[in-house]
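Two complexes are shown next, each including chain A; its partner changes from chain B in the first to chain C in the second.
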Partner chain A sequence: MAFTARAENVSPLAALKNVLQDALAVARVGRRTMHYLIRGKREPGSVARQMFAIGNQSLFFMCITMAFIGAIITFQTGLQSKKLVPDFSMIGATYLKLLIRDLAASVGALPLATRVGAGIAAEIGSMVVTEQVDALRMCAADPVDYLVVPRFIASVIMGTVILIIGGFVAYGSGMLVAQLMFDVSPHTFTNLSLVTMGDLVLGVSKAVTYGGAIALVSGQRGLATFGGSEGVGWATTEAVVGSCFAIIVLNLVISTIGYFFVPAL
Partner chain B sequence: MKGLSLEVRVGLLVLVALVLLGGFVFILGGVELGDQYDLYVDFDNPGNVQPGAPVNVGSIQIGTVEGVEYWGGRLDPQTGRRPLIRTHLRVDENVRETIHEDAMFYVTSQSVLGESIIAVDPGDPERPALEDGAIVQGVDPPRLDLALALAYDLLENLSKLLRDNREELGTLLRSAANMIRQMDELLQENDNRLDAILANLERATEQTNEVLDGANGIVNGQRLQRTLRNVDRTLASVSRDIDPILEDVRGITEQGNEALGAIGPEQQDEIRTAIHEASSLAEEANATIADARAIVSHIREGRGTVGAFVMDEEIYDDIQEMLRDLKHNPWKLFWRE
Partner chain C sequence: MIRLEDVHLAFGDNTVLDGVSLEVPPACIYALIGPGAAGKSVLFKVVAGLLRPASGKVFVDDEELGPLNEIELARVRKKIGMLFQNYALFDMNVAENIAFPLRRLFDLSEEEIAERVAERLERVALPGTEHRIPQSMSGGQKKRIGVARATIARPPIVLYDEPTAGLDPVTSQKIYDLVQEEQRAQDTTVMVISSDVAGVLTIADRVGMLHEGRLIFDGTTDDAKASTDPAVRQFVHGLTEGPL
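Then we have the complex of A and B:
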């Protein structure tokens, strides 16, 4: 992975070339994942186990993180808006629109990538360095079908679930901060007047896309692991960094599309 | 939770997320829990009102904007108007009887930076309520952008005027200042005369007030009121009797016409002569009546012997006293010094 500069003295041009090569590698894994998603056979319980690992076991971490993020955003927004207009009646409506349209998915996906991406890369990377993946290949089984696809399905579903719940937690913590710091009542803060169905569709689309991107990038980095336990460490780091980068790039792409098809009021 | 299988725990988490998302969609979709009815409001400039915007009375939401349709000034045969924008409102059925025919619909915003909403002034409770599907004309919001543009144009023109006519304006201001100074000097020089003029004016005003008070007394006096009552009575009497009199006159005229038709040329000459003589006689009678009126007027004014005798109450009192005295002392008739 180009961003982690595993090799020393890499020029910017070479780094850019590595980024493009990594993106192509992820795209190839993505294509094979889509293929096996339609034609492959799932081992019974494999998806459920991954869903539990990605969703249920990330729930507490994500709720705490999103609660802090929501509180901080509301506090800083309130402080700055107080300098502009002495009116907090629309702070809840604005915050909710921002949260649904972008922050709940994009900001929430970053801690999710650290938690889930690292787990996927470490797990698959360990299997690679212990030659379990080679054993699969010897049995004429594609490791993408057995290892990446269940994690992809689980990550898409549970990533969306976790980001939805995280969004509600962030809104709740923001409401609490608005009440305590700016005397904005929960009733005033709960204002849906600026939110449209298009905002919701855009936000959920981002959550689904980020869930898939985390699984694909992390799975690809796990399968590309080499060099023993140190390689697993590098693969984990590269998976987290690559997932975060993929989230940022996808956010830009989806927001640009949303700007034209779901314009903000 | 520990007794539950892995699949159930995953399913529960997914269910929680689905419930949260579904509930949010349910609320966001503005699901109508009660009956609603339709109103259509025409605007030339509805500001930034969007579908889904609330419809409020005061701060209470009574409905939502269902749609905003561009009409572009097409003739609406139902109303005979040419709306530019027509908004479709869905209003709660339970407030239907409180939104009357003269209700005002205007565009405002929830706060300084808030979204545009439609506010309703419900109108006169004596008027009938608006029916389902009614089309009304809304009150357009003030065009602040237009006002600013006009104000900017005005200021620019004013600035240009001041810049281009700086010397003329300076001269004008100097002349005005000079005029004010001269007027001040004039006033100081004629201070005493001005005081006298004002005092005279005040006195004249007081006298005018007194005259007006006297005139009011005459106008509102009993004598004039009595005269007016008499005139009223006379007019009423004339009004009552005029129709029979006119009937009689008409009959007499007809008879006269008939008689005139029956008489010959010689008789007509005689009649003319007789009329001429009668006319002369009438003129003399008028003169005599005028003399008599003059005499009567003379008497009423108490002039002359008869006038004094008739009108002077003192003479009446004297005569009454003399008669009383003669009644008590009849010997005075025969007594002579």
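Then we have the complex of A and C:
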């Protein structure tokens, strides 16, 4: 990946070229992933195992992280509102719309990328350096089919579920802060008047896309691991950085599309 | 039959294979020897289609690998079994490891698979170890599991990368005997990389020696022992004086 310290002595033009090459490599893995999603051979239980690894083992970390993020956002928003319009009646409604439309997915996906992306890249990278990936290829098992596809499916499903749960947690912690710091009752805070079906569709679309992107970027980085344990370390770092970068770029793309097709009220 | 024609391969500035041409006749045990970092394991990966050479041609059963895409290469790899230097066993139990190629290549019932696995384990002298985890087993046992996995699908070509590295002399000889018995039983074409020259020459029909990415010797076992090439002579006879 061009974003990491390994590339720090590279010229900006070469770095941009590296970014494009990496994006192409991820796109190629993505194309093969789609191919094997339809025609691949699933090992019994492989998706369930990955769903457990990605979902269950990330849940606590994500809930804690999103609780803090929700509390901080509400506190800072309340402080700023207090200076401008000392009326908190719509703070919950605005916060909820923002959370559903963007923050739950986009902010939540970043810590998710660190937890899930690092795990995927480290696991696959370790298999590469111990020649297990070559052994898979010798056994007529395409590594994309055998390793990436189950993680992709699990990451899309469990990533979405976790980001939605994270959204609820962030809303709950925001509600608590609103009551404790600004005397906004949960009844006032729980205001769905600004939320539309379009917001929900946009938010869930982001969650689904980020879940898939984390698995693809991290899977590709894992498969591209070169060298020994140092190579696995680099692959892990690159997977996290690349996943976060992909989330930010995808957020811009989906938000732009949403701006035209699902305009915020 | 395996044939390489003027194969070149480099990793960055590091030339690993420098114009290697060789031919391994069918039903032959071909020992590939040479000092460390000579390019032996890389050559195996080129033969298996796991690495693509920068130039030159590689043929497996008269089919050139160069123009093949990954899906077509997977078809060719079905003809090849491979034992990896560091075992490359999966995080599964012994039976699942050995059965893995069968499950991917054939549509067999669980009973048939279990039968074939038990037969392989019997053959490599590890009966009854189906449910053990390879990580808890010794190096020699892992090698034998690797041999069982490489041969369970009865491929016509088997590549053994350092089958005796790190093993005691008795276990090494047992592994060589196993390789030879397997080759005789299935009439397979076998390539063996080994740093244990004396041991591998006891089973090899032909020998090739790689040095700094070049094939500096290719001939029969007797020719190798009688070679006057200083590097070949030094390596085959384990001499301390010489160009290596």
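Keep this in mind: the second predicted complex is superposed on the first by the 262 of 265 C-alpha atoms of A that agree within 3 Å, B and C clash if a C-alpha of one lies under 4 Å from a C-alpha of the other, contacts with A are read in each partner's own complex, and residues count from 1 in each chain.
As a working rule, contacts are C-beta pairs under 8 Å (C-beta built on N, C-alpha and C of every residue); 3 or more make two chains touch, one makes a residue touch a chain.
All figures in this text were calculated on a predicted structure; none of them were measured in a lab.
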Next item on the list: Compare chain B and chain C by how many residues of chain A each one touches, and report the one with more.
Entry: B
Margin query: Let me test your reading of the model: by the given contact rule, A:Leu194 touches which partner, first (chain B), second (chain C), both or neither?
Written below: first
Item checked: Partner chain(s) touched by A:Thr160 [first = chain B, second = chain C, both, neither] -> first
Margin query: Once chain A of both complexes is superposed, is A:Gln76 in touch with chain B (first), chain C (second), both, or neither?
Written below: neither
Note to self: Tell me the contact category for A:Thr130 with respect to chain B and chain C: first, second, both or neither.
What the structure shows: second
Check: Once the shared chain is lined up, is A:Thr256 touching chain B (first), chain C (second), both, or neither of them?
Finding: neither
Check: Which of the residues in chain A come into contact with chain C in the complex?
Finding: 41, 130-132, 134-142
Next item on the list: Spell out the part of chain B that touches chain A in their complex, as residue ranges.
Entry: 6-7, 9-10, 13-14, 16-17, 20-21, 24-25, 27-29, 50, 52-54, 110-115
Note to self: Considering only the defined contacts, which chain C positions touch chain A in the complex?
What the structure shows: 45, 48, 50, 70, 74, 77-78, 80-82, 84-86, 88-90, 100-101, 104-105, 149
Note to self: Help me check something: in the complex, which residues belonging to chain A touch chain B?
What the structure shows: 45, 48-49, 51-52, 55-56, 59, 85, 87, 89-90, 93, 157-158, 160-162, 164-165, 168, 192-197, 200, 204, 265
